[in-house]
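There are two complexes below, and they share chain A, which is joined by chain B in the first and by chain C in the second.
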Partner chain A sequence: MSIALDQVTKRYQEQPVVNDVSIEIGEGEFFVLLGPSGSGKSTLLRAIAGLTGIDHGRISLHGRDVTHVRARDRGVGLVFQNYALFRHMTVADNIEFALRVRRMRAADRRARRKELLKLVALEGMDERLPGQLSGGQQQRVAVARALAHKPQVLLLDEPFGALDAKIREELRRTIRSVQRELGIATVLVTHDQEEAFALADTIGVMNHGRLLEVGNPNDLYTQPATRFVATFLGAANLLLARQSADGIRFGATPVNAEGPERVPAGREHEVVAVLRPEEVEIAGAREHLSSNYIAKGAVEEIVFTGALERLRVRLLDEPSAAMLLGPGGANDARLEVTRTQPERRDLPLQTGAQVALGARRLHVLPTPLSSFLACAPTEAAAAALANEPLLAQLSTNMKTRVVLRSIAQGPEVTGSPLPFTGVAAISAGPDAAKTVEWLLRNGANEVLVLPRNAPSPTRVFIHWTHEAARRATLAVSASLLRHVSAEAIYLGIVPEGPPGAGHAAPMRALLDARSEAQSSHGLEMRTELAIGETVSELTRTLSSGAAQMLVLGITDIEHAGTAYRSLLAAQPGWPVLLVYRSGEPQLRAEAAA
Partner chain B sequence: MAGPANHTELSAELSSRPGHNTWTSTVVRWLLITVSLVFLGALLAAPLAAVFSVALEKGWEAYFGAFADPDTRAAIRLTLITAAVVVPLNTLFGITAAWCIAKFEFKGKSFLITLIDLPLAVSPVVSGLIYVLLFGLNGWFGAWLQDHDISIVYALPGIILATMFVTFPYVARELIPLMQQLGNDEEEAAITLGAGGWLTFFRVTLPRIRWGLVYGVILCNARAMGEFGAVSVVSGNIRGLTTTMPLHIEILYNEYNFVGAFAVASMLSLLAVVTLIIKTLVERSGYRRR
Partner chain C sequence: MKTMRREPNVIPGFGITLGFTTFFLCAIVLLPLSALVLKAAGMDFARFVDVITSPRALASYRLSFGAALVAACVNMVFGFALAWTLVRYDFPGRKFIDAVIDMPFALPTAVSGIALTTVFAGNGWIGQYLEPLGIQVAYTWIGITVALTLIGMPFVVRTVQPAILEVQRDLEDAAETLGAGRFYVFRRIIVPTVLPALLTGFTLAFARAVGEYGSVIFIAGNMPMKTEITPLLIVIRLEEFDYAGAAALGCVMLAISFVMLLAINLIQVWGRRRMMVSR
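Let's look at the complex of A and B:
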């Protein structure tokens, strides 16, 4: 490994700006760190260079631990966004700076300088001052300077930020060819996804200080695992689809796509599907579509952008429109579509035209949290619940919506016309446990129990009562923790009694849980162990501090109404996210695997 | 381009454009310039001219004769010694303080900035009195100093301390905004290229801030030589021993030795003029470099 980062964390004023990031970058690999501004990517790069200290974790370069090595001794080449050339020195002096520091002989320095200037195609510019060069040329000099001392790794901090498009592309090509020629491991930081695609062997996407996903550009684009990566890497329409044992449906129409987890017969999950604008097919009528029909639509806007035509299409069928996640909720649901010139010639469109829409390829995110359903006895109470700070924060961060639902709680609903989709949210209280049981019986899979004015959690405890709920609970927790900046702690609970067989299983579960969370869900979590009865231990742990939250995986509806009554009725209380998975199909699937 | 056909149309076209009617604005501009020039002339140039004319009233011989006086020579020497000690020390301090403030984040940073400004806010007489209070015979350390036979007040050390206090902000104030504006990138680049702290400072930082530094040093020097109030309090005005040029001018004037007083004054003024000329040159070359 050329560069290995192990759980690197950097905090500014207690706020983590780089949060538990682990990366391994191979020999000669071109790694692009992509993220919006403020995602912590530049801080991470500076930490690798040694210009910023880290609070936790380890950094090693070519197998050598450099966590506590000074920046000047790390032997990295760093290129800055605004070039940072020594303005009072000539190009020659700039490039030779690192060699002069190392007391290299003048003749050798000169030879190396000529070599480097040739590499970046700036021969004969030796005696110019930086001020006499164009921006592109200055950045070439900066690259040559960073490479002078033959560094082990090359780090580039938004190197094309200040350049215009043409020069940018040309310089991009230069850097790529220089990197290939030298076979040097390179990390480039950028917020520009086009740049990432053009350069990267591997892309790592960062947001809120966390490294969300790492992969080759093609995989990340076609099979993102998170909403953020799906929408940040290229444009994407997010749709809410429904998965049952029979497959996935969008609105009323079945679509050809693979779901993230098996669904037992008789239950339904809501899933989030990514539909890229170029994967939408437009035809005059449903019969002319060659792909899965999804909805009828009316063209609202057409923008010509050269190679592509961009359209915004409003969905006309009500149930389908309700399934589209737009920035402004269901009323603002517009499908983004791009068409190539040949497609455009085949079916010229004007604004207002009615069309049939098909999906050539849908990718279902393996994210269990899709949307929220605020449930309360009256519509007004549901609206108040939707305005709870934590719920509002979650739905905003997840770019999803909160649907209001008034529930008239009967003893049993037969053939419920409106299924419970997404995460059902209810208020905490003495009756909460009863409501939870009722919701689970009627098809809900995740229930969020919210006390009034609960703050955004800083610690999220994770626990499941049965191994069958493990996978789902971890997936839900990972999904949740991408949208709140909190620490994750798995709480293992060992029943009281003499040590023996009763203890081995929870201990093993504890260790397994941690490695599974990291490998399958990219979630770094700590573990804690408690001894005693489950509900009382959970209550004790949650009351130990402020701003804490629980994710609880259960497999048993029968006793939900009584078993968790005290947990959900406590004052002032804490948010609890219950994850219900009926045990059997999961266990069968695992036994088969 | 379809332009206006003839001259009349062209001028009509031009006068219709906004900002064309500049006649009144020209008058206003010249009026303002004249007012400020007259003001400057009355308040600054005339007194300066008066200094030289009175100094030369009795001819060049009397003028140079004034400098032959041993007390005058002692005053000039004292002023030069003070400046020679104070200016380098304050330069060093100024660079250090500006470096700390511009490059590091630490607690008490804004307090340090305020502290640097303190001498500008305090009256020079008060600045002098502080030292008398501390080191004078009845001051806090007075008795101890007397026991060890160290004299600070009414001697060279006191004059140097008071001058340092008063001229302390000039270099730092000049460098802080400059360093903050320049940022850290070049220094960081030097460090990643393997340079250590001193090398980075001398090869990268110093060349970048040199013009600002020279400017600050010039201002600091001008104030160090011309300081009256603070020095007057701590020096005790012992003729030939603890009088700097400004103090000596006052003594001569009070003795009705106008030629002598104005001759020394003219020298001090000359110094100020030379300083300003150097400053202008520095500013010019500084801009050209950028």
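Let's look at the complex of A and C:
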């Protein structure tokens, strides 16, 4: 491994900006860290270079642990967005800087400089000052300078940011060929997905300080695991679909796609599906579609972009239209479609045209959190609940919708026994436990219990009462933690036993949980162990700090009403996300596997 | 000039503004200076040379320029440190210190001179501790230097501050990843980048110190040949109604000021060429 990061965490004022990131980058690999601004990618790069200290974790370069080694002794080459050339020095002096520091002989320095200038195609520019060069040339000098001391690792921080499109492409090619020629492990930070696709062997996508997914460009584009990656890498339509034992339906029509987990008969899950604009088929009528029909639509906007035509289509069938997720909620959601020139010639369209839409390929995300259902006694209370800061933040970050539903709370819970899909949200209080029980009985799988004005959590504790709920709880936690910047901590609780009773088994469970979270769900979490009774230990841990949250996996509905009553009623309280999976079918499935 | 294009400008009326500028320059600057030179030209050359090379005059030049040079050097070092602290660090009271820097600009120089004398006199707050150590500040050239340092400080800080702001952290980071230690970065990256501004600040502080009068006369003691600065000598000549002599000394000051201003401009031109900003 050229670069290995192990659970690297960096906080600014308690907020983690880089959150438990682990990466392994191989010999000669070109790794692109992709993310929006503020996602922590540049901080991570600076941490690798040694310019920023880290609060937790380890960094090693070529097997040498450099966590506590100063930047100047790490042997990395760093290229900045604004070139950071020494403006009072000539090109030659800039490139020879690292060699001069190392007291290399003048003749050797000159030879190395000539070699580097040839590499970046700037021969004969030795005596120019940076101010006399164009932006592209300056960045070439910066690359040559960063390579002068033969670093083991090359780091590039948005190196093309300040350049215009043509020069950007040219420089991109230069950097790629230099990197290939030297076979040097390289990390490039960018927010430009096109750049990432053009350069990367491997892409790592970051958001909110977390590394969400790592993979080769093609896999990440066709099979993203998270909605952030799906929408950040290229354009994507997000749809809510229903998965039951029979298969997946979008609105009323069955679609051809695979779901992430098997669903027991009689229960239904809501899933999030990704439909790329180029995978949408448009035809004049349903019969002419060669792919799965999804809905009727009306063309609202046509934009010609050269090679492609971009369309925005409003869905007309009522049930399907509500299942399309848009950036501002379901109301203004439109299906994005791109067509190639041949497709356009076959069926010329004007705005206002009515068309039939089909999905050539639909990818179902493995995320268990699809949408939210705010449940309260009145419509107004449900709307207030939907505006709770945490719920509003989650639904915005998840680009999903919040549906309002009125149910009578109290000792006797009543409401339409429609199947509950998505995550049900209710407000915390003395009756919360009863409501939770009723919701779980009527088909809800996840219930978020929200105290009033609960802040966005900085620490999320994860616990499950029965091993059967482990998988689902981890999946839900991983999905949740991609949308809030908080630390994840698994809390193992061991009942108090006679002295000498072995703690080996719980410790093993703790480690297993951590490695499963990491390998199957891409979730980095820390672990803590408490000894005592479950509810009182959970209460104690949650009260130990501000802005904490609990994800609790349960298998027993009976239990929910009584055992967790105090946990859900506490004031001021903390948000609790209950994850319910009925024990037996899961266990049977696991035994069969 | 036929080729001159008329482009809309923020301030209209090239003719008016140029005329106004020229008039202003003549009335306020050139006219009094010409009068000065004319007055000096009124005496014959031998006497002129005699006046400006008298031992008392020479001693005053030495003191004026020597003390000003020492003060400007002190200012260059500490002004840089002060500017660096103000730009690079955020600490409680930073804004306050930043405002205090400008105080010598606004304070009547006589006031600062009296204040310094009070503090550094043999029985003053600081003077009483320095005296037993054999260091006499007030009424010696040290006192003069202290006064000139006070006067010149804001010039250095205010010229160097923007230059330090321009030294991007990235430059230091880049140098560090290339293997340079802190002192190396300071010597090879920071100092060369800030140097033109530092020299400008130095020259401004020096020029100001040479011409300073108000604050110095209180702390200097004004003993002929020992602690008498050239501006004071000019005033003494005036009080003796020796206008020609005063004018002659004034001409020497004028010539020196001119040379120094020329030097400032040359440094700035040199600096611009070195640091060509075209991103």
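We adopt the following convention: the second predicted complex is superposed on the first by the 562 of 593 C-alpha atoms of A that agree within 3 Å, B and C clash if a C-alpha of one lies under 4 Å from a C-alpha of the other, contacts with A are read in each partner's own complex, and residues count from 1 in each chain.
Everything below uses one rule, namely that contacts are C-beta pairs under 8 Å (C-beta built on N, C-alpha and C of every residue); 3 or more make two chains touch, one makes a residue touch a chain.
All of these numbers come straight from a predicted model, not from anything done at the bench.
Chain B and chain C, once both complexes are superposed via chain A, clash.
Of the two partner chains, chain C is the only one touched by A:135; chain B is not.
Residue contacts after overlaying the shared chain place A:104 against neither chain B nor chain C.
Of the two partner chains placed by the overlay, chain B and chain C both lie in contact with A:87. Of the two partner chains placed by superposition, chain B and chain C are both touched by A:71. Of the two partner chains placed by superposition, A:4 touches none, neither chain B nor chain C.
Overlap of the chain B and chain C contact sets on chain A: residues 49-51, 71-74, 76-78, 80, 82, 84, 86-88, 97-98, 101-102, 142, 145-146, 148-149.
The touching residues of chain B, when paired with chain A in their complex, are 185-186, 188-196, 199, 203-204, 207-208, 289.
Chain contact summary for the complex, chain A toward chain C: residues 46, 49-51, 70-74, 76-78, 80, 82, 84, 86-89, 97-98, 101-102, 129, 131-132, 135, 142, 145-146, 148-149, 162. Contacts from chain A toward chain B in the complex involve residues 49-51, 71-78, 80, 82, 84-88, 97-98, 101-102, 142, 145-146, 148-149.
Interface residues of chain C, counted against chain A in their complex, comprise 168, 170-171, 173-181, 184, 188-189, 192-193, 274-279.
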